[in-house]
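Just below is one structure, and these are the notes that go with it.
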Amino acid sequence: MKYVESFREGDRISGVYLCKYKQSAVTKNGKTYENLIMQDKTGTIDSKIWDPNSQGIEDFDALDYVDIMAEVTSFQGTLQLNIKRARRARESEYQAADYLPVSDRDIEVMYRELLEFAEQVQEPHLRMLLQEFFVKDREFIKAFKFHSAAKSVHHSFVGGLLEHTLSVCKLCRYYVEAYPILNRDLLYAAAMCHDIGKVYELSDFPENDYTDEGQLLGHIAMGSEMVGERAHQIPGFPKKLEHELKHCILAHHGELEYGSPKKPALIEAVALNMADNTDAKMETLKEIFKSAGNSQEWLGYNRLFESNIRRSSQYIGLQPNNLQ
Amino acid sequence: MKYVESFREGDRISGVYLCKYKQSAVTKNGKTYENLIMQDKTGTIDSKIWDPNSQGIEDFDALDYVDIMAEVTSFQGTLQLNIKRARRARESEYQAADYLPVSDRDIEVMYRELLEFAEQVQEPHLRMLLQEFFVKDREFIKAFKFHSAAKSVHHSFVGGLLEHTLSVCKLCRYYVEAYPILNRDLLYAAAMCHDIGKVYELSDFPENDYTDEGQLLGHIAMGSEMVGERAHQIPGFPKKLEHELKHCILAHHGELEYGSPKKPALIEAVALNMADNTDAKMETLKEIFKSAGNSQEWLGYNRLFESNIRRSSQYIGLQPNNLQ
Amino acid sequence: MKYVESFREGDRISGVYLCKYKQSAVTKNGKTYENLIMQDKTGTIDSKIWDPNSQGIEDFDALDYVDIMAEVTSFQGTLQLNIKRARRARESEYQAADYLPVSDRDIEVMYRELLEFAEQVQEPHLRMLLQEFFVKDREFIKAFKFHSAAKSVHHSFVGGLLEHTLSVCKLCRYYVEAYPILNRDLLYAAAMCHDIGKVYELSDFPENDYTDEGQLLGHIAMGSEMVGERAHQIPGFPKKLEHELKHCILAHHGELEYGSPKKPALIEAVALNMADNTDAKMETLKEIFKSAGNSQEWLGYNRLFESNIRRSSQYIGLQPNNLQ
Amino acid sequence: MKYVESFREGDRISGVYLCKYKQSAVTKNGKTYENLIMQDKTGTIDSKIWDPNSQGIEDFDALDYVDIMAEVTSFQGTLQLNIKRARRARESEYQAADYLPVSDRDIEVMYRELLEFAEQVQEPHLRMLLQEFFVKDREFIKAFKFHSAAKSVHHSFVGGLLEHTLSVCKLCRYYVEAYPILNRDLLYAAAMCHDIGKVYELSDFPENDYTDEGQLLGHIAMGSEMVGERAHQIPGFPKKLEHELKHCILAHHGELEYGSPKKPALIEAVALNMADNTDAKMETLKEIFKSAGNSQEWLGYNRLFESNIRRSSQYIGLQPNNLQ
Amino acid sequence: MKYVESFREGDRISGVYLCKYKQSAVTKNGKTYENLIMQDKTGTIDSKIWDPNSQGIEDFDALDYVDIMAEVTSFQGTLQLNIKRARRARESEYQAADYLPVSDRDIEVMYRELLEFAEQVQEPHLRMLLQEFFVKDREFIKAFKFHSAAKSVHHSFVGGLLEHTLSVCKLCRYYVEAYPILNRDLLYAAAMCHDIGKVYELSDFPENDYTDEGQLLGHIAMGSEMVGERAHQIPGFPKKLEHELKHCILAHHGELEYGSPKKPALIEAVALNMADNTDAKMETLKEIFKSAGNSQEWLGYNRLFESNIRRSSQYIGLQPNNLQ
Amino acid sequence: MKYVESFREGDRISGVYLCKYKQSAVTKNGKTYENLIMQDKTGTIDSKIWDPNSQGIEDFDALDYVDIMAEVTSFQGTLQLNIKRARRARESEYQAADYLPVSDRDIEVMYRELLEFAEQVQEPHLRMLLQEFFVKDREFIKAFKFHSAAKSVHHSFVGGLLEHTLSVCKLCRYYVEAYPILNRDLLYAAAMCHDIGKVYELSDFPENDYTDEGQLLGHIAMGSEMVGERAHQIPGFPKKLEHELKHCILAHHGELEYGSPKKPALIEAVALNMADNTDAKMETLKEIFKSAGNSQEWLGYNRLFESNIRRSSQYIGLQPNNLQ
């Protein structure tokens, strides 16, 4: 399979690609054509079917995997696919992992690391709650592993939710060591569960868009309720502990303006907010820098940071003589 | 029983009053005494027990009903009770309704009016949900009827939650008639349920203070989850409808800064927010004016309205001759 | 007359349409042509005159009614008029009501309903003031009836100002019944007058744009001054009452940031603000939903509501068996 | 007459002072006494009448001028008047100017300077408008001359409104010279009229408090309407010019949050806002420094400046040798 | 030399112009061409080199001065240069002043005026500090004279920094006369130095863009540090005075949100903030009006003023008879 | 020495205590007395000298160490010292560490840990810069070690600046491991230097209050300039690197509203902001909880967190049987 990032003007392409977007349009001359975006895990390319009614063009929809024959052309300095033949592919003809942005890290390895946090939780009810979600609920586990943590912004790739959750847990482990006043069991449980609502706030890949429920309720209220439901099924789950855990989830965005209905009132909620915020910012910048290649130039204004952004300069670490 | 509002300097008082507050203190001379606030439904009065160890003073706690003998004195222009004897009263010796601020309206009459809204809901799952709460759940019904709608601010009296909920429902009934685009069933259900979380956010009278759960979670998330729990027990409750109802509850404060994790996205959520806001403001001003008596003077700065407040002037509606 | 909403590609059109916009442009080849927007009450259509100097094209301006011969074409999926002949129409050749967006409700019926509010006002000076504007001032009455309530956003159609004012009055009537503490006379007078400044803030249809005065002063200060002018002509108009009425107008946007120079300090000003806000939001959503047809999909981000918007779902109200 | 600023512990005082405040209170022992604040132009002093029913104490009210006999005592480090005799003074017995804070500058001199600005206005309608207010309207002139520009904050003394208006005019004269693009006539007229609403927003001295009208409407809307009323009486006053002048008044606070219903849209409105702001800030600091004596210490937090404030240090300007 | 503002369609141009921007692009047909912006002091014009490889086209870069032969064409109503020949010009072939926007006022005259402020400063250390920058440091002086005060917004022309600094000094001179409480020496020194950081925050013309240092540190912190460095080299410079001067620079934007790390705490810092703000606003409007020609129409929304903007109307100042 | 925290009513005290505050006052009866606050490292106690002129009372000032004889009394439930004799103590009579709040951790141990971060910096100029401050500058080192990190809020004890800086460095070490994209050398240098301006923003203990320089400039601009001064003394220090380091210091408060003149634009500046924020919040809560003892009750509203605060509950970690 030839990846999108390696397309060059004049190439002839033959293979299966994911159709991310599909919309009919009309030329100035009144001819109907199709605007498409084709995708694999290395990128996307604007594509056209200039003659949708020709024999080689079979019917398909957005989010289908499509076997195409096409030519790479250039329009206003940007590459474009001119698709001549198209046929919906069978499931056996492609592997989804080739077509979707995916975590750099091995998902199973990350998941095992995540479970270690659950195992360090001593409080029996919290421990059981984590097992209900992360050990016993196969459907949840499968969705959690392959979900993104966002539609865009950061961690918007397969495994992104897992990678982000694991990073937050590790930050919390550092906090617990540095600030022993923290309640480790509560913080670990909160870190593992803080974004579980995203499993239903965002649809699965390849769509990865806000669901109706997600838009109406948001992952914060959804996650808190999910925790409540499971806690009610665990005999003797202390009410106070349930409220503390839900508080950490409800407050993890830190500010009412960011969608948390409560400001953090427990030190564990404060810590979770800091860990979530730190990982989101580090990962966002990492993704910005990655897409900017090696450039050390200013990369333009970024809304999240309300600033122009630039990578810091790199200096070779030789010791000058006068440092002896 | 002599009510607090009728106390005059020099009166000798004998009867049962609610002790709202109790704290030991020490005079300059090193003598211990008790600072108390005694209350009935007409008001509160600062009170002292200057000799807590004297024979007539038995042990009691804040929020106890206490049978006292006392004298009304005046200190720096304010009346004060000098308590000489005190004894915890038996349940048969008082009626709670005499000691707590209470709605002007009959609670049972209001409750019947509220149920009429539930009966107008045609959509069967919403209808059943309302019955689960407001018809079948005796514990919930009892708490709902006697709860306040706030610790202070507005409707902070017995029956206040019911009175506010009923007013909001009636405003929504007007909206439904004026704006037929509104989904009546959804709006009525949302109006009835919008503050049910307050039953657990605030403790029962006479305490009427934020609970631990209330401070950690808030009535908005609590109410949404309560609806979710009941909906899951009703067979075939449409998921989309459940999300819409929960959205209305989550969004009913209208702004993220006011603790709603979502801004209203459905017209019914917008309408509920307007009804809630309108009734809260009207009732707050009504209570301010009531406590100001007949004064038409400026009543000072009010934080909710971010303005000085005054009652409008009243003119007699005689028709002058030149209006003929 | 063939309405714009029924145009189909290939149609040949002949009739009078309102020219909303007209601007000369130049093709890549250096030829001059005219960009136009033609309008009737059912919609607008981009139009071109490719040869402005040809014999059949007479001179006309934006906001003229023009008798055209044209062909409906399609460009990039959107319909377009290719105008071959054009001639400014005489007044006898068209009826303005066919060309402008207009209230669904009968203007005279609404106006009579509005006058009923004036008749319920008992305080003689307020009553006389309302008669000065709404009964005696023919020029004002004519303008008020046919004005919009906005350039866009909501009620931006002929009769919109009247329709909005009437809705606000009706909400106030409900408030007066529900909250007897409200001063009915003051509130009705304020509701009727709250937006009278818009008669001069916005120009008449078909232009319906901000006037110079409107941009410099705004309808809030303008309306308050208009009330002052009339009140000064009514013998014995109580100064305090004049100030209260003007305050309601000045404060009706509710917040300084929304252009009110004073926050509401009277309960009637608070009520007017709630009524204005409620009707504006309901009507805005009604118009959004209307233009979205029957779609129950998410309708994208709306700036007024700071949220994505969606119509709530409709369920058939059959009673399931288990509700017996 | 002995001024308040020269009172020393032990002094016996006999003379007329203004009673700024009067309120009955009760001692711990149940005795009634009077809390007063007595004032002259040099300051105020807390005062007590310990025996209001004694023979020498006649009846008087707050804001009366009172002839007293009293002793200066000290309580918790602060001086206090112990009043033994008190009698309402006759008008002939005092001169108001001795009792009220008053501008350092001669009011008549300032007023003549102000009129020079009116004389430089060439545009005949603006010129006539200024004459209507500042030359012909005796009642207005008298009030304008003796009014303060604020209840507190800055220029809260007799002549303060005049002094502030004159300073603003002078700043505008500088602007007109420095930025010839400014329309001198419009700017001078706007500067002279910008705060005329304060004549009725604040009551006369000695009360100097917000009036009912002032609280309901504010000096911004009031001043704009006052200008409108006069302009309508001047034949041929250009509408556009009236709107521009009113705009400058409406916009002179510069921001909606500061009570201007419109942001400045004309350069003259921007200039007026800067002049008003500059003079207000300079005068406020001047008054703070004056009341702080020669202290060059930090003077604590000031809300207007949202900062701690300190006077800058003074250095003797000797030229060191190395500057030759 | 033919200036850009006088170009007409069909003109043939031959001369040296500054290339402000240069970027390669590809036509639909896959041919490479160059998009350029050419500039002189009267304006800019979009330009194309359709055949970059033709013999007459030599290599050059953005910000080079280029000797071109070209034809003026029109595309979509806008003029465009079609460049046929191009050659990098030698320094002797052009004068930079012809190609850059430049102050209307003579730079040397303005600089001498500025130095007069330094000469009025009596405090010897401040005086010496100003001499270090504005009299002795040739490199600084040269840069200061030819710098702009901004990338865009206002004073974004050669000499703009000097012109703005001089205007601010003059405003401060007026303030010192009007408010004698101001410390003249400190205020003049602060006014002269307030924007010196811009010499390094923005690169020299023709680039005139934010430098790396400028983006990272900003002219406020940079200017404060520059003052600190010089002050440390002047023997006996009083520490307190150094801190006061740096405070004025740090606080001159007036609000933390505008990038000042401290709010003004000294009256001189307040005055400097007002002077800077006043000149920036007046100059911005002057430039807006200048580019709008004689139009007295509304000029659209301006972000700095958060309002639509219009020039005020001009009336002929004839005295009507009734003013006699 | 008897510590303040162990004082009981009736105790007779004899020893050296630090006088934190001293102010003369006058009793109702006109007698002068002294209000004092005496302090040791375990707390403070209100104190009185009722007869300042008695023989045993020698002269002393606030911030003196004073040898006193006194009696512990109780007033309104609070302990108070009644001082009978007082004499300024000689330096040999006390050890400052007994009287000031001091870090729980050993200062020299912490300092050695801090130096390890400097040793891991490879880039030679940054390394040399850190050595200039933290290894070679004895005065700086001494001040840095014994400074607080704040006047109040958090780390307001001897060694607080060091303890906070070390915690921030350790968080940064964790970040560098977790997010390898971070430039370790730049981040460590920035972390070590981020609060060095506090050495001069706050005065030394026992005063520990804002200095004049601190109020005028703030530790952010001061720290950046301190780094600039040293960097300029190191031959070949790369300009770009200096700007990056200063940027990290200038931006470390994260928001303009919090006094940073620039928002973080480099990932190291973002990381430093998160580390500073995290440690400040954790330490603040730690100190709140410490002063609240073992209470798990709600501890009231905290301005920093804009929320009521409570410690989370502690559960014993026994494994229930059903977890096997």
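Order of writing sets the chain letters: A, B, C, D, E and F. Residues in each chain are counted from 1.
The rule we apply is simple: a residue touches a chain if its C-beta (ideal position, glycine included) is under 8 Å from a C-beta of that chain, and two chains touch if they have at least 3 such contacts.
Keep in mind that what you see is a predicted model, and the values were worked out from it rather than measured.
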Chain C and chain B - chains in contact with each: A, D
Joint neighbours of chain D and chain A, given as chain labels: B, C, E, F
Equivalent interface to B-C, taken from D-E, D-F or B-F so that over half of the residue contact pairs match: D-E
Interface numbering overlap (same over half, different under half) for chain A and chain E: different
Rounded Å distance, chain E centre to chain F centre (Cα mean): 45
CA centroid of chain B to CA centroid of chain E, Å: 62
Residue numbers of chain D (touch at least two other chains): 212, 215, 240, 244, 262, 265-266, 308, 310
Chains touching one another, given as label pairs in label order: A-B, A-C, A-E, A-F, B-C, B-D, B-F, C-D, C-E, D-E, D-F, E-F
Sites on chain F touched by chain A in the complex: 122-124, 127-128, 167, 170-171, 174-175, 178-179, 181-183, 185-186, 235-236, 238, 240-241, 244, 262-268, 270-271, 274, 277-278, 281-282, 285-286, 289, 305-315, 317-320, 322-323
Chain B residues within the chain A interface of the complex: 212-213, 215-218, 220-221, 224-225, 228-229, 232, 239-240, 243-244, 246-247, 250, 256-262, 265-266
Chain D-facing residues of chain F, complex: 24-28, 30, 212, 215
Touching residues on chain D, where the partner in the complex is chain F: 73-77, 298, 308, 310
